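The same subunit A turns up in both complexes below, where it pairs with subunit B and then with subunit C.
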Partner chain A sequence: MARWRPYVLGLLGLAAITFPFLWLTLAPDFARNTMRVSWTPRHGLQFFSDLSPVFLGALLIWLGSWSNKRWHWQARLAGLVPAQRRAESIRGLKFALMPLVLSGAFFLSASSLGIFTNVAIYMILALGLNITVGMTGLLVLGYAGFYMFGAYVFGLGQEHLPFFPWWLAMPFAFVLGGGAGYLLGLPCLRLRGDYLAIVTLGFAEAFRELVRNLPITGADQGILLAPHATFRPQLFLGKGQMAFVITALLVFLAVFLIERLHRSPVGRAWIAIRENEIAAASVGVPVVQMKLLAFSLSAAIAALAGVIAGAKDGFVSPALGEFPQSITILAMVILGGLGNSYGALLGAALLYAVPQYLALLPSTIQQNPGLQAAIPPFLREALSHLSDYHLLLFGAVMVIMMLYRPQGLLGSARRKEEMLHR
Partner chain B sequence: MSAPLLETRGLTKTFGGLKAVQQIDLTVGANRIVSVIGPNGAGKTTFFNCLSGIYRPDGGTITLAGRDVTGRPPHQLCRLGLARTFQNIRLFPEMSVLENVMVAQFQHRALAPLPLLFRSAKYCAAEQAHRDEARKFLEFVELGGRANDPAGSLAYGLQRRLEIARALATQPKLLLLDEPAAGMNPQETAGMIGLISRIRDRGLAVLLIEHHMKLVMSISDEILVLDHGVPIAHGKPEAIRNDPQVIRAYLGEEIAA
Partner chain C sequence: MLKLDRVYAGYGAIEVLKDLTLEVKAGEIVALLGANGAGKSTTLLTIAGVVPVRGGAITWREAPLPEGRPDAVLRAGLCLCPEGRHIFPRLTVLENLLSGSLRLPAGRNGPKLEEVFAYFPLLAERRAQLGGTLSGGEQQMLAIGRALMGEPQLLMLDEPSLGLAPQIVAKIFEIIRAINAKGVPILLVEQNAQQALRIAHRGYVIVTGQNSLTGTGAELLASDEVRQAYLGE
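Right after this comes the complex of A and B.
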């Protein structure tokens, strides 16, 4: 149970932040030319009844996990190696989440689907960056450059090729992004430490400036994508649902593949490089090659995420590759816990969802007369500007994290798991 | 006669104006224990760093099993059968003791991406076989019971033993040990002497840097003495013990005279 404590605490924290706003509605009061906040328990109840599949799902997962620990049915089903059984049987249960997450496409509203699709894109980016920064210990400051690179591979491809839909662009961008990462890594991965950080930062900025100034890439406006290339209604799914389902599936796929790598000789070599490069080399790990592999793999994943972003939004622009993007993704990885894929997921969810909630806060208060009456004006004033300060809040959270939990929210999970489940 | 396992000819390394290691000629035959001794700063560790590829020598040649390997990077030398431990211990502290050993099996692992990602039966069997083998190496250095602890939590002496297990897991023909008994009490040192002779019994050759004279004299087949980067004596332990030049290097002019 101890393994789940950080997850549960994180969710409870998020719930505590958002809980008060479930019970309130904002409505304009035209007579007094203000907004009224009103207390509407119906909304909160509605919310919890909407969430009942989640609670039910959680209960089912817990039951599955408990019965599996007791009878090891999953290990028997999968015919796993004994040593991997215990850890694997618990870990494999994440796929029980899949139907639940995917069914979200049907019970979530269009706007929340948009938010969750963005969360999923950031999850993919954080997973990719975690390979270099978390596992291999290479600091990369220009990660969004590869994200933008993938988006422009898609944008330019669909402009100049007769048929280049998103599903064709994905493998292309993956391979080209990996190649770009390889070429960029070749000169600077032979250097030590912070050089890579500066070189990637410089290249990302130079690439963005280049794109902003070339006529072929549409300068600051970017490229508008042809409708046939982007996500569109297919089968019984609407456009937003399609985007959500594809992105969520890719998150699962990425977690699956990256965790398999993490627990293979390749992942061991990456961690060994992070822990002590000279020792890793002297026990036969080809350090430069393994670093190049990590770096180009994470670049390829970012490029893939770029294609998703383009296919979802219907356009690509240099805004994708801005420096604050790189820093946000890095912050997600650090907040979640360096080297832990699930930490990257949690970090992405928190750092994207919390600012969204903060941005929605003033309008929520305005629409709800009861709430407006309950909150004193000075506080209301402060809250309405809260989202302007979210970077300040991030800063504070980061400083507090570095002081009290430098390994991140789930940082020690891997080690603990390694020690317990063998 | 077949080529010796390791041979250096005129090996030289300078740092700026400092000649750290000069003109070292050394031959290590298969299954021999050769020690390198000398006062602090004599260039012993620099010599090891040249042999294991961490430094690129400025002159001379290194031959490993008849092949010229001068200036090769560490992982290639490891592949050719040379493994080492470090004077200032270099483990992977966040990994478990067992995983520390498993990292060293990297060069013996098949890494085809698809079987690895989808865990084919063959890959799972190989993973299990290597895990069992890593446990055997841990038992060999008497660390079997600590396999799942973080390497960073081991006591100092045990960390040295883990480094040896990790080096052995690369399946070397020649093992370089850099002060394996440093900071150990007499009992632990006796254990280390036993361990080194058991390593020799496995058919490995050992090249050893050590200050602990009892250890060096009791197990070495040959001793090379360095002073200020220059070899001043080379021979059997008894000859070295009475060599006036060696005594002078260690104890100073007056006592020797």
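Right after this comes the complex of A and C.
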């Protein structure tokens, strides 16, 4: 039983999180600045409400343990794979997460799906920035510049080439973004700490101003993308579902690849540079090359995210590259825990999704008599001003974090294992 | 084994090494002496491939040393223990040591660790402690131990006695001698001229990046120039 415990607990936990959403609908309605809250079984989704994930999970576990008793497949598998039970069960849970997240495309409302697509885009950005800031220890303040760069590779390519859909633009933007990062890195990486941060910020702002003032880039209006080049309904998926599924898949891919890299000699070289550059050089880390690699890989990832943003919105504009964007992404990485990819994911989810829902809370309460009756007046009063103060709250959270958990939510636990194993 | 032939190197517009020539032969301890800012650390960093060579040639075992590639230099067997105890403060002692052999083929860690722990029994006791929480002298031992993990065929030590109490200094010099006795040639940069020359087979004195004096350890210890400039006599 002990071996099953993590799977069982994990599945129960996942089910507990998703179970309410079989009845609970949180549907943001931005046009009316409110959120529809309802607690009814979803129509058209009888399959899910009848055979909820809990039953499904229980069934799977029962099937699994029954077949294991019969055929001892677990012992046989364990014979094939060396005993690293803990790591294995964690990997098993991560794997179980994928279908669960992807099935969100079917049971989330369209507007929630939009929010979660944006969360996924920010996750990709935070993962990318974490490579430079978290793993290699290079502070970059102009990261959104690369995001915007990727979007404009898509926009301009789509405008001037006969055929340039998003899936073709992605590898292009990735390579060009990486190249741009490399070229920018050559002069920048001679600088240390604060100077590097300021120079990247300067380049990002200069690039945005350039785009805003050049006729071929469509100035502030940006570039409208032809519908055939963007995400569109395909197979059995709607446009929004398509955007969500593709972005979510890319998040999984990015986590997988970056974590492999993190544990490889390249990742250890980055960590060594972060911990002490001179020591790194003296244990034989090619410092400049490794910094350039980190810098251009993270630029490439941002550019890829830029293509997704374009394909989702149907246009690209200089707004993508604004300074607050860079800061938000940086805050996600820091909140989650520098150097930890899962922290970057958590940071992105918290810092993007929470304010979105929070902003809709007061008007939702106001327009919903049932909720109004359920919440005591003083709490209602406080909640109604919540969104006015959300930046203040955000600041307070950051200060508290710096005081009590400077390593971020998912920091330090992994620091020790980072350097060790070959 | 290692030869620097009329080497020039520097940073930006600053020329630090001007026409520097020196040699380390098999099995030797060679001391490199000079005033503050003379370019001793720069010499070691240039050999290690961190500072680029601007003129002249560095050869290692009769072949040119890869330039500007710290990793390649390390793989060729030249390990630098930099000035100022640059260890990884947030990694444990053991992890710090293992980082020294990251560039080598796997599987040789065990015997190497034994060897380092034999020189520095204290590190074995403290293997789980974070590097940053060691005392200065312990950090210096860790830095030397980490360089040894790279299986050096030439060990470069930059001021290993910096800021240490006399007893510990004596102990470090003893260990340097022991390492050398096992056949590892050592290029030693020191302010502590007396002690360094006592264990060194030969030495060089450099002034503003240029050769000034050279000779055996005993010769240099006896020379007026060294006595006046470094021993305060």
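The working rule: the second predicted complex is superposed on the first by the 306 of 422 C-alpha atoms of A that agree within 3 Å, B and C clash if a C-alpha of one lies under 4 Å from a C-alpha of the other, contacts with A are read in each partner's own complex, and residues count from 1 in each chain.
Rule of thumb we're sticking to: contacts are C-beta pairs under 8 Å (C-beta built on N, C-alpha and C of every residue); 3 or more make two chains touch, one makes a residue touch a chain.
A quick note: this is a predicted structure, and the numbers were derived from the prediction, not measured.
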Partner chain in contact with A:Ser264 - subunit B first, subunit C second, else both or neither: first
First, second, both or neither for A:Lys69, with subunit B first and subunit C second: neither
Subunit B versus subunit C as contact partner of A:His228, first or second or both or neither: neither
First, second, both or neither for A:Val285, with subunit B first and subunit C second: both
Contact breadth on subunit A, by residue count: subunit C or subunit B: B
Residues of subunit A that lie at the interface with subunit B and also at the interface with subunit C: 265, 268, 272, 275-276, 278-279, 281-287, 415, 419-420, 422
Of subunit A, residues touching subunit B in the complex: 80-84, 257, 260-261, 264-266, 268-269, 271-272, 275-276, 278-287, 415, 418-420, 422
For the subunit C and subunit A complex, residues of the former touching the latter: 48, 50, 69-71, 73-75, 79-82, 84, 86-92, 95, 98-100, 102-103, 106, 143, 146-147, 150
Subunit B - residues contacting subunit A, complex: 52-54, 73-75, 78-79, 83-84, 86, 90-96, 98-99, 102-107, 109, 111, 116-119, 124-125, 127-128, 131, 147-150, 166-167, 169-170
Touching residues (chain side subunit A, partner subunit C) in the complex: 265, 268, 272, 275-276, 278-279, 281-287, 415-416, 419-420, 422
